[in-house]
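Listed after this line are the structures, all set down as structure tokens.
Both complexes below contain subunit A, partnered by subunit B and then by subunit C.
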Partner chain A sequence: MDWLNAIVQGTLLGGLYALFAAGLSLIFGVMRLVNIAHGDMIILAAYLGLTVTTATGLHPLLALVLVVPTMGVIGYVLQRGLLNQTLGDDLLPPLLVTFGLSVIIQNGLLEVYSADPQKMDAGALETASVAVGGLNLGVLPVLTFAVAVAVIWGLQWTFYHTALGRAFRAVSDNQDIAQLMGLNRRHIFGVAMALALGVTAIAGILLGIRTSFDPSIGGGRLIFGFEAVIIGGLGNLWGTLVGGVILGVAQTVGAKIDPGWQILSGHLAFLLILAIRPNGLFPRIS
Partner chain B sequence: MGAILKLDELSKAFGAVTVADALSYEVQEGDALGVIGPNGAGKTSMFNLITGTLPSNSGKVLFAGQDVTKWNAARRSHAGIARSFQVPQPFSGMTVFENAMIAATQSAGLHGHEAERFCLRVLEQTELLPKANVLAGSLTLLERKRLELTRALCAKPKLLLLDEIAGGLTEAECTSLVQTIKDIHASGVTIIWIEHVVHALLEVVDRLIVIDFGKQIAEGEPHAIMNSAEVKEIYLGIEADA
Partner chain C sequence: MKLKTTSRRSFLLGASAALATPAILKSSRAYAATPTLRIGHVSPRTGPLAGFAEADDYVLAGIEKAFAGGINNNGKTWNVEIISKDSQSNPNRAAEVAADLILGDEVDIIVAASTPDTVNPVADQAEVNEVPCITTDCPWQPYFFGRNGVPGEGFASTYHFFWGLEDVIGAFLDMWGQSGVSKSVGGLFPNDADGNAWGHPELGLPKPLAAAGYDLVDPGRYQPLSDDFSNYIAAFKEAGCEIVTGNMIAPDFATFWAQAAQQGFNPKIVTIGKALLFPSVIESLGARGDGLSSEVWWSPNHPFSSSLSGASSKELAEGYAAASGRPWTQPIGFKHALFEVVADVVKRADDLEDPEAIVAAINGTNLDTIVGNVNWANGPINNVTKTPLVAGQWQQDGDAMDLKIVANSAAPNIPLTGELKLLG
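After this line comes the complex of A and B, so read on.
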């Protein structure tokens, strides 16, 4: 039962990792941009959530109503104002610029919020649990997983069943031709970044309810997100969810063997999959 | 009916290579203009200048009376300029229908069912309807050329630029494509057509211009142009007799 418990808890944790990863996956899929600052943007969203909850007394989940659109606007402005200028045939400029952004966000957060660990108070939700077949499932992890499934389903549906999704795929396929078909790629990229940071906002708030956070932990979230994306295969959002689950299960099973092995075993699972299937499990983009 | 397109001393050079040398001509609404010239003469570059994918060095592009020289490709597409490519460039990971829908919703600005119905009509006209749900990447050359045409038409163009759309096709394929283009022209769309398959071109166009080294060297009635000594020499490489 203990092992089953570790696997179930790991699966639920995987939902959070999939939320870390979904925005990365979306951005890479649409504009081949690797956003090194993605983890810091998750933490930025957590701090925005903290500010909203302390200023208004709102429940952190209700704070999403404000934080998601705020992050969306930040994403659109950032893309139009800065990141679009870095995109071209060379992959290096966006890497360098988002690395710079990562440093700026981290230090900005340090300046405003200090290095003290913070946490959002979600009241009874944090400790609530339900007993299912002898297992105790935390309501928050279950909710996180359900949100992850809903977000990925929503992104997938947007990609394949809406005009916006068609525009994303057209721009991803051939930017120049898309322009000739009347698509303004700068705007489309802006919308994609807005959507990605909206998802990031959800990830940040759920992270901030689950654990304490400080300005320095963005890099670690970026790595988890990357690993989930790569395990699942580039360009496949459901694959990203599977990747998150594999990473989460590897971590909780590793922690079960020895608490010190939690993070390491996640990375080892990632390395193993990379060694066997360099393109990930279900790649759509080669 | 006025001029739908007017090029005014339009020039473009890449270093020492001039691809457009003070190009100036007008195309009246409803006309079909053929463009011929040797490889590398600057014909495709001229299309890139008209659609806005290539910025000009000097001169103007006027479309429907408006100066569009500073407009980007997307804006010109909204205004009604569409083109096909010599080497078909479909969105290969999307279905034929989705390819059409991109042009219909983005360029022509149609929505929902109206866009879908319009795309289906165009696909029927271009004989691609049976392939509507096939991935564009899996089409044959003729089908890809037809998809180029489909996408351009779904943009509801006022001006349609065709770049060697008959090249590489068999005689039978070419004949059916020419018929489709004739129908499109008959429906009122202005056409500029670059083509090496001259007999196909002559079936549709009512005026011909000849371009060499980015310069317009002849213009006029198609058969007269084809028979002129200058064209034979420069375009076909036949020495003109004195």
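After this line comes the complex of A and C, so read on.
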């Protein structure tokens, strides 16, 4: 029963990691951009959510209605105004620019919100639980997992069943030819970043309800997102969910053996998969 | 070929310049009417430890006011200049700014506060460069043993005042003993300097807890910033723990505390070091913050007053609350006391030009500060002295949470302000 509990809790934790990773996976798939500031953008979204909830008294989940579009706009403006300038044959400039962004966001948040740990108050949702076959499952982790599945299904559907998705796939395959066919890649990239940061907003709010956050913890979350993307295979969104779950289960099972192994066993699972399948489990792009 | 010769005039000019150089280069302070003493101060103004230093501006403004007229030493008035630098909560950065203060600004005394990550690197730099150093706000075991101190020998120029793990254990046992809950304790210790010290089988909590008849369930060391504590919760539930203790950072505690509720684990007492020190953390937990307990190093109800300004603990704390619009925090008292000790040392030193005389003055300190008596002759070990420690519980008081002192047998002069209430 203890082992089953560890695996189930790990799977639910994987949902959160998949949400951290979905935005990363999307923008890497579309424009080969590695966003080092992704973790800090999750925290930025959490702070935006906090501002909205304290200003309006809305429930944090309702605050999503405001925070998701705001992050989307930030994403579009950021991409068109800054990141498009850095994209090219070389991977390094966008890497360095997003690294700088990460530092700027962190210190900006520190200046505005101070270093105090903050938490969003979601009332009874935070502590509610359901008993399933002798296991106590928190409602919030279950909700997080369900949201992760829904978000990834939604992104996948957008990718393969809409005109926008066709545009994403076209610029991903060959930017120049897509441009010749009348797609404005600068605009497409902007929309992709807007979508990615919209997902980040959901991740940020759920993180902010689950635990307390301060401006400095973004970097620690980034690594789990990267690992989930790479385990699942670059450019594959369902793979990212699987990657998140593998990471979550590896962590809780590792912690079951010895709590000191929790983070380590996640990293070990990642290294193992990288050693056996360097492109991840289900790669769509090499 | 032309031979280069030195004329009589240019030789005289060069020689007299060379002779005069030392007089011009020598620092002018020996000749100034009021000489200046420089104090270097390192604290984590930004980063994860910034909560410890949030009152720095307020405390330093008060200190600078007290030092405005200079300090009298052996009939001579000295101006005091405090140079503050930010460690960014990073030990490497702390060592760097300490070296910068010592070698660049040539400070005469260096002080530092807030956790081993700030205190230890600064003290190490001071020890190497033989600059007198006073530190606080870090339990003495990580300070002393973390710097490879040898009992009986100690350090040459670095001194520290705070409490130790034995005090925190005593205060916790004192609080739990009066509650009457079952003696089964769950331990949450992270894999960092504090967590390893608290969970150490010989020097940490396990031995004294066993001696006092408590069963400690310690599943092991977790990595800070974990997202999941379900294995701990399962182990504590299975052992029927009614008390949870440990040393955590705030985000980890929030994760644990929410998961404990989700998974149906309801301990009666939760006493956690470090995470529950600050009112901002308790407020962020909402109603679930009511009834959590922690160690108390200093509070507005401590019956001590400042040797510099004469202000009582209450006046200092309320002054901060009024100036900043934020609740008081425990490090305020210690940061103030740090400069009280400095002022006292500057007054008493035989020769402020001589670092050894300053060290001798530090060693001879016997001062009643706002956090209690500081006297290195009473220390548990070389270069360390202790201030009293009690235990407290956060209780809803009107709109705000108030830290009530609920156990004081180690320091009966600090009055109790509340009674321990059980959770749940």
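Note that the second predicted complex is superposed on the first by the 286 of 286 C-alpha atoms of A that agree within 3 Å, B and C clash if a C-alpha of one lies under 4 Å from a C-alpha of the other, contacts with A are read in each partner's own complex, and residues count from 1 in each chain.
Just so we're on the same page, a residue touches a chain if its C-beta (ideal position, glycine included) is under 8 Å from a C-beta of that chain, and two chains touch if they have at least 3 such contacts.
Just so it is clear, the structure is predicted and the values come from calculations on it, not from any experiment.
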Based on the superposed arrangement around subunit A, label subunit B with subunit C as either clash or fit. fit
Between subunit B and subunit C, whom does A:S212 touch in the aligned arrangement: first, second, both, or neither? second
Between subunit B (first) and subunit C (second), which does A:N174 come into contact with in this model arrangement: first, second, both, or neither? first
In the overlay, work out which of subunit B or subunit C sits against more residues of subunit A. C
Quick one: is A:T86 in contact with subunit B, with subunit C, with both, or with neither? Answer first, second, both or neither. neither
Output check: A:L183 vs subunit B and subunit C. Expected answer is one of first, second, both, neither. What do you get? first
Touching partner for A:R166 - first (subunit B), second (subunit C), both, neither: first
With the C-alpha centre of subunit A at the apex, what angle separates the C-alpha centres of subunit B and subunit C, reported to the nearest 10°? 140
A:Q156 in the overlay: touching subunit B, subunit C, both, or neither? Say first, second, both or neither. neither
In the superposition described above, what is the shortest C-alpha distance between subunit B and subunit C in Å? Please give a whole number. 38
Complex contacts: residues of subunit B adjacent to subunit A: 51, 53, 72-74, 77-78, 82-83, 85, 89, 91-94, 98, 101-103, 105-109, 111, 151, 155
Residues of subunit C defined as touching subunit A within the complex: 46-51, 54, 89, 191, 219-223, 225-228, 230-232, 234, 250-255, 258-259, 261-264, 278, 280-281, 284-286, 288
Can you check the complex and tell me which residues of subunit A touch subunit C? 2, 5-6, 9-10, 13, 16, 107, 110, 114-119, 121, 126-129, 136-141, 210-214, 216-217, 220, 224, 248, 251-252, 255-256, 258-260, 262-264
State the interface residues of subunit A toward subunit B in the complex, per the touch definition above. 163, 166-167, 169-170, 173-174, 176-185
